[in-house]
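Note that subunit A is present in both complexes that follow, paired respectively with subunit B and with subunit C.
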Partner chain A sequence: MKVIYIEKAQWASGLEKAGDSFRLWGPVRRGQFYAFEELAGGQVPALDFRNTRLSAKGLVYPQSEKMFEYTLDPGQPDHDLLKEAQKDYSPRAVLGIRPCDADAFELVARNFDTPEYQDPYWLRAREAVTLVGLACAAPCSTCFCTSAGSGPFSTKGLDILLVDSGGNFLAQVATPKGEAFAQAAGWRQPADDAAAAEIDRQRQVAEARIDSHVATERLRQQDTLTLHAAPFWDDVAFACINCGTCTYLCPTCWCFDIQDETHGRQGVRLRNWDSCMFPLFTLHGSGHNPRGQKVQRVRQRFMHKLKYYVDKYENGIQCVGCGRCVRHCPVNIDIRKVCELMNSYTLAGDSCAVVS
Partner chain B sequence: MRAYTEKIREIARRLLEACTVERVLGFRRGSVPMMNAPCFVKTPAEAANLVWDSNCGINLANYLTSRSEKIGIFAKGCDSRNIVTHIIENKIRREQLVIIGVPCHGMIDRHRIAAMADGEIREVVEDENNIIVQGDGFKKVHNRHDVLQANCAVCTHRNPVIYDELVADLVEEPGDVDRYRDVREIEALSAEGKWDFFDDLLHDCIRCYACRNACPLCYCPTCFVDESRPQWVGKSQDPVDVRTFHFLRAYHCAGRCTDCGACERACPVGINMRVFTKKLEKDCLEKFGWEAGLSLEARPPLDAYRPDDPDDFIR
Partner chain C sequence: MQNPYLPYAVRIEDIITETEDKNLKTFKLAFENPADEEKFAYAAGQFAELSVTGKGEIPIGIASSPTEKGFVMFTVNKVGLVSSHLHTMQPGDLMGIRGPLGNSYPWELLEGKNVVIIGGGFAFTTLRASIVYMLDPANRSRFGDIHVIYGARSPGMLLYRDELAGWEARDDIHMHITVDATDDPHWKYNVGFVPTITEKKAPQADAETYAIICGPPIMIKFTQPVLDNLGYGHDHIIMSLENRMKCGIGMCGRCNIGRHFVCKDGPVFTLAQLNGMPKEY
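Let's turn to the complex of A and B:
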């Protein structure tokens, strides 16, 4: 993979140049946490963060997104027509995204971009975005990316991976999009062989610092209904308050809800993030709710991420190990522990199970 | 706190061994620093999992709603006031509960402590006066009074108001606390100033409803924001809908909120939505002389008519 040097002295000026042809997003400190925001001209992203509170998924898949709009005003030439909402898909770059969050775009593509269905909104936005990642030299204690198919120096989903090397960034240019961004920024100083070795050295150090490991190897062979009926779900779900923190902070939760909103003679069709933690998520028009109880919703979240997805896509778990849900769950429901329960579960070992 | 933990385990074990209760509601140690998790203990042996320290900020009354078992519950001052409110509102019966009062020294603000640290926090330990925070390459010692949750710093009901036994002697209630300085500051703003303040306050809200769901008062079978037939509130990030949720939820808590701080503590994006409920709490105190959850005998001001209620606002 091609590696270039970016002197830190040329970081801000390069971004300013790239800003002529790209809209730029990056982490910005907001009170007690960091969030991805569009950078004003001359503004540089804050790169001293561990990770942003919300993942970058909203930059491609906004929490609320207008799909269609209409007007019933007969004075308008296009009245009474449902029209696709116009959106800005001009080139943009996300700076400082962590490798786990970039990998999440590859993961959710399995849902938004299938042989059968292609989600036009997600695909256009994904195509428009160049991901310039920042390697994690100091992963958190809640990070388990290496157990989830990603890693602190993974380039999956990334166009460029920046590795901090003191006075320079060593930039791995992974794709033609990354090449184009580096060109636009005027970063073209090729690095020597030592750079690749330095990146590899840092990668090994970072991976060794990850002390949170989650076993997933038995999930695929587990019997779905046996897991579904396992006795541990009541305990797992007890403390859960059924909020949407885990699903909304998650870079890989992709579920949405479509809503029509009317304002006088105008209207829009929106899609909003939805959460399997909410009772309304599965409420039928009949009034019946197949997941009317908290424990059913909690089970669904973990079964989807750690069993149904595993079986359907045969590509690991639906999780990149970013640890946000672990850090921010208000009642400390820890996916690593639940994964362990699911992975290690055996009927035989469950001598106290009451068969009803 | 170690003494509290030992006493709590002893009481839980005793209650379960004697079958005085079927379940004990308390906290177990969490998997990340400054995070204990509510848990239901079912056997005397499991009582050894219970802990108590300054990270028990979740309001356990939230877990009592409509339960049918006989339950032992550990209750700080605020939890006990919400238990009273639950009993008054017929969400649980007093006879179902063995309330073990926990005189409270205040819970610590995990969000603020994390934001003040020079890196990721790996361990937090505490002694009587200090909170010792450690991570890779740093160690910080905070005086516990400097890092209390905002609601705990102005709490005037640290002792449980209703209990069957106590884990320790009652603590001294702080004397001169100015509970409503923040509310008065907002009241003093111009209309535009208030608008900007609320706009900024709610800017980061992602409508995860952690505030609502952590709140023991929010037990409606279907919350107004979740009603779909008819649908009262839009579901997008439109600021009108975001504000509608927060304002209406606060009004539903009028005369009931104990300022336990569970909402603010649960919020993943650091919103202090307590300013809304505190304004209503202040109004209830000033207009009706009412503080929620202090007595099983008195009806809350907003569910009782009294001829001498103030009615100046009608004229």
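Let's turn to the complex of A and C:
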């Protein structure tokens, strides 16, 4: 992979230049947390963060997004007809996204880009965005990306990966989109073989620092109904308050709701993030609810990520190991522990039932 | 890129109040743009999202048969926000439909087979579509015996009463209409719950006979043992499910049963398939 040097002295000026052809987003400090925000001209992203509190998914898939516009005014010739909402899909770049969050876009694409249907909103926004990632030299104790298909130096989903090496960044340019961004920023100083070796050295150090892992190798062979009926779900769900924090923060949760919102006679059809943790998610008009109990909803979240997805896409778990749900759950429910329960589960009595 | 969320514009041509409690109305819809009708090529058993601008969308089974041209038809129970608003709409009003969505009844598999249709209450909509489809002169010879067991609380709660009477008069379909109870002295059909009538009237199972069953959970619960006793294998029992839906195309995540989406992989499943899935429906 092509590597270039970016002297830190050329970082701000390069971004300024790139700003002529790209809208720029990056982490900004807000209180004790960081959030992705659009950068004003001359503003540089804060790169001293571990990770943002909310994932970067909203940059491609906003928490609330207009799909269509309409008027209900019978005097208008197009009344009651849905019209495509105007959108800005001009080129934009996200600076400083972590590798796990970039990988999450690859994962979520499996939901929005299918052989039968393509979600135009997600796909156009994804196409418009260039991801300039920042490698993690100092992962958190809750990060388990290396056993979730990603890694602190993974380039999956990224167009450029920046590796901090003191006075400069070593930038791995992974795609033509990344190439175009580097050009727009005027970063073109090729790096030598030593740079690749330095990236590799740093990668090994960072990977070795991740001491949290999940075992997932038995998930596929587990029987769905057996896992579904396992007795541990009551325990797992006991403390959950169904707040939905885990699903909102998660870069790989993609569920949404569709609502019409009318003010006077003008309105929009919107889609909003939704959560399998909420009873309304599955409530029928008749009052019947297939996941009316908390334990059913908690089970759905974990079964989806660690079993249904695993079986459906044969591409690992629906989690990149960012650790957000672990860090922010108000009652300390930990997906790593649940994964262990699911992965290692055997029917009680199995050991005595063996007949040869 | 085709936007799968954009409905086709349709105009309400006719509204028929089906039941004596006035809670079920049939809407006959015509496409504003005739080319859309061709794009909306469907098979019996599929559904569509009915879109009422300003209120939202609801998934409703297609009650017309693909052999009926020039319109599509839906029968809607008055339940909540969107369905109640639909009930206030008038012929000539504009709305939208999105689809066709989901799989259908397995028509290739059913070719040359006997079909036993068992329906209860207002879940008779896609069953009507299936009957009209199979009885079409171009199709009737492609199927063996057709039995229909259909029940409602009372005579006035049966859907499509004129058509039912027409089918009763034919000799190429065995109709077994029933009501839970009635004090109508002129009622000339069966009285009794659907499971009971199924026990009496449904043919014995064989490899060439498939049952399609749609109805309220309580009806399904008591009909299934009857079919078991008659020898129907679970891969010969076909059901159509309803789960809450929004997108209808397998993306919004809410209608799943295990790894399957009712909207995209269903709504039609065999009982054998359902036996291997969590009971989240």
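Convention: the second predicted complex is superposed on the first by the 339 of 356 C-alpha atoms of A that agree within 3 Å, B and C clash if a C-alpha of one lies under 4 Å from a C-alpha of the other, contacts with A are read in each partner's own complex, and residues count from 1 in each chain.
Keep this in mind: a contact is a pair of C-beta atoms (placed from the backbone, for glycine too) under 8 Å apart; a residue touches a chain by one contact, two chains touch by 3 or more.
Predicted, not measured: the structure shown is a model, and the values here were computed from it.
Asker: Looking at the superposed three-chain arrangement on subunit A, would you call subunit B and subunit C a clash or a fit?
Answerer: Aligned on subunit A, subunit C fits beside subunit B.
Asker: Thinking of the overlay built on chain A, is A:A180 touched by subunit B (first), by subunit C (second), by both, or by neither?
Answerer: neither
Asker: With both complexes superposed on chain A, which partner does A:D257 reach: first (subunit B), second (subunit C), both or neither?
Answerer: A:D257 sits against subunit B and subunit C alike.
Asker: Between subunit B (first) and subunit C (second), which, if any, makes contact with A:L81: first, second, both or neither?
Answerer: Once the two structures are laid over each other on A, A:L81 reaches subunit C alone.
Asker: Could you tell me if A:Y117 is touching subunit B, subunit C, both of them or neither one (first, second, both, neither)?
Answerer: Second partner only.
Asker: Counting only touches as set out at the top, which of subunit B and subunit C does A:R50 meet: first, second, both, neither?
Answerer: After superposition on chain A, A:R50 lies in contact with subunit B alone.
Asker: Using the touch definition from the top, say if A:Y308 reaches subunit B (first), subunit C (second), both or neither.
Answerer: The answer is second: A:Y308 touches subunit C but not subunit B.
Asker: After superposition on the shared chain, which partner residues are touched by A:D334: those of subunit B (first), subunit C (second), both, or neither?
Answerer: Once the two structures are laid over each other on A, A:D334 reaches subunit B alone.
Asker: Does subunit B (first) or subunit C (second) touch A:A239, or do both, or does neither?
Answerer: So A:A239 only meets subunit B here.
Asker: Would you sort A:L283 into first (subunit B), second (subunit C), both or neither based on which partner it touches?
Answerer: both
Asker: At the CA centre of subunit A, how far apart in angle are the CA centres of subunit B and subunit C, to the nearest 10 degrees?
Answerer: Here the answer is 90 degrees.
Asker: Taking the superposed arrangement, what is the smallest distance in Å from a C-alpha atom of subunit B to one of subunit C?
Answerer: The answer is 6 Å, the least C-alpha separation in the overlay.
Asker: For subunit A, what residues appear in both contact lists, the one with subunit B and the one with subunit C?
Answerer: 257, 259, 283
Asker: Okay, in this complex, where on subunit A does subunit C touch?
Answerer: 67-68, 70, 72, 79-82, 84, 111-112, 114, 116-120, 123-124, 224-225, 228, 254-260, 262, 267, 269, 271, 274, 276, 281-286, 288, 290-291, 296, 300, 303-304, 307-309, 311-312
Asker: Over in the complex, which subunit B residues touch subunit A? Could you list them?
Answerer: It is residues 30-32, 35-40, 58, 62-63, 111-112, 114-115, 119-120, 122, 136, 204, 206-210, 212-214, 222, 226, 228, 234-238, 265-266, 268-270 of subunit B that touch subunit A.
Asker: Report the residues of subunit A in contact with subunit B in the complex, numbered from low to high.
Answerer: So the residues of subunit A in touch with subunit B come to 30-33, 35, 50, 53-54, 63-64, 138, 140-142, 238-239, 241-245, 247-249, 257, 259, 261, 270, 272, 275, 278-280, 283, 326-328, 330-334, 336-337.
Asker: Which subunit C residues qualify as touching subunit A in the complex?
Answerer: Of all residues in subunit C, those touching subunit A are 1-7, 9, 51, 53-57, 79-80, 83, 94-96, 217, 242-244, 246-247, 249-259, 264, 276-281.
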